[in-house]
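Chain IDs A, B, C and D follow the sequence of writing; residue 1 opens each chain.
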Amino acid sequence: MLKFTIPEMESFLKEVFPQVEGMFGIDQMDDALLVMRLFNDERHLRPGGTVSGPAMFSLADVAAYVATMARIGPEALTVTTHCSIDFMRKPEAGRDILAEARVLKMGRSLSVTDVLLFSEGSDQAVAHASLTYSIPPRRD
Amino acid sequence: MLKFTIPEMESFLKEVFPQVEGMFGIDQMDDALLVMRLFNDERHLRPGGTVSGPAMFSLADVAAYVATMARIGPEALTVTTHCSIDFMRKPEAGRDILAEARVLKMGRSLSVTDVLLFSEGSDQAVAHASLTYSIPPRRD
Amino acid sequence: MLKFTIPEMESFLKEVFPQVEGMFGIDQMDDALLVMRLFNDERHLRPGGTVSGPAMFSLADVAAYVATMARIGPEALTVTTHCSIDFMRKPEAGRDILAEARVLKMGRSLSVTDVLLFSEGSDQAVAHASLTYSIPPRRD
Amino acid sequence: MLKFTIPEMESFLKEVFPQVEGMFGIDQMDDALLVMRLFNDERHLRPGGTVSGPAMFSLADVAAYVATMARIGPEALTVTTHCSIDFMRKPEAGRDILAEARVLKMGRSLSVTDVLLFSEGSDQAVAHASLTYSIPPRRD
């Protein structure tokens, strides 16, 4: 049972990360899977029209954040402690990037999320990431 | 023996990555060590004035790229294939982030670079990354 | 189309890695999925009866190796260049560990394989790994 | 100020990990650096006389464990939560492997340790690892 609807999560993101407003969208958010997208935008491009590594990292990071927050609610201050990311193929020019995020572990003090990134319309992953978020102890 | 001076590398970066112009500087570049900096800029901040994870990833990534290119010269099209990054401490607000990059392996088909990130003026690393760049075969 | 049957792969492993004979088995090997197991053995245990981290690393490593070799055939000398592994839960005592390996990228010079590890009988992953193997150029 | 001498740490390891007795030695252990070694032993070899990946992983893992325990004392039950390891060169046959471990972060709930591995007598690292150990809360 998630603690946010998609519109609630979008409002929450706008509030806590105003710098990235308009950069990401949420397509699907349920217990099994979160799907987010990085909108195609020339600011994230590299020569040849490909999406930059940092932009793909940003998408993987925000997807793991959203997947974690959806489970613990908005009160916690969570931070990324680790990311391991493999860049496997060149993204296609002019396409959004989609992230499929699955929470592999939701512990009391940390979460581990697996994220696969795709160019929209392709089923060959462009990147694969695993992210750990640290969840501070609650002040009950 | 490196294949670029600092001004040559700065011109090269401006040409290949015009999107990030003004974001990074090179403090030192020699056989043993590369020092780059991410200029303090409100676009990279998170609530509380801390530098965002994606901005730190970008600095680590560009430092590993510059360290690799300095050894192979400007003709090669290299791409990041892997990054593993640990975020260890909160960067200090209002400070540049410095990256110390050391090339651990410079092979024919890949390079491995270790990068430590610091808030300027502190000797406690805020993040630690290892990046692999793939170097395409030369068309000799 | 794989280049080995399970018995052929088991013979090949016995020949190239005689040190680990009897340590691993192959349950399933097809285009989509490889399932291998680490047989329960007191040599791999830690206090409390749990399987050691190095034993789980070994299983993930051999699974990525087998998944890669099944696609390229026995002639290639491939080596692990990277492994990122998250240990998420304590394995159950007295159980085999199962590895589910999926090849995410099978390129000319490297493969990337995702591996999930489970205690037999549980559907909660105990560890999650991503491994890169380097494939040397063919001498055609 | 470390909480163990080298002989105390060797006794502690023998007690908690009897399975690996005789596998590792401690050369140096102080605030700045820990040096451990994996004794040359045919059980860790691969064809061609090179040391196996799992044996190198084991050395990096035990070095990060020892470096962490030296700082927190023997009472804590710590576990590896993450390891990222790059295998960069083939170790030389017939040599011990040396690990140089440096603790990058010693927090209340986790430690991060950087480990470089060398074939004895060489200054070119054969592998580079970063390990995170989770430290359970104290029952004060």
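Basically, contacts are C-beta pairs under 8 Å (C-beta built on N, C-alpha and C of every residue); 3 or more make two chains touch, one makes a residue touch a chain.
Keep in mind that this is a model prediction, so the values were computed, not measured.
For the pair subunit A and subunit B, chains touching both partners: C, D.
Here A-D and B-D were compared by C-beta pairs in contact; the pair with more is B-D. Averaging Cα atoms per chain gives one point for each, and the point farthest from that of subunit D is the centre of A. Spacing of subunit B relative to subunit D, judged by their CA centroids, is 28 angstrom. Averaged C-alpha coordinates put the centre of subunit A at 33 Å from the centre of subunit D. Counting partner chains per residue, subunit D shows two or more touched chains at residues 81-82, 84, 86, 88, 132. The touching residues of subunit D, counted against subunit C in their complex, run 16-17, 19, 43, 45-47, 52-54, 57-58, 61, 79-88, 90. Taken together, the subunit D residues at the contact with subunit A in this complex read 81-82, 84, 109-110, 132, 134, 137.
Taken in their complex, subunit A has these residues touching subunit C: 84, 86, 88-89, 104-105, 107, 112, 114, 116, 125, 128, 130, 132.
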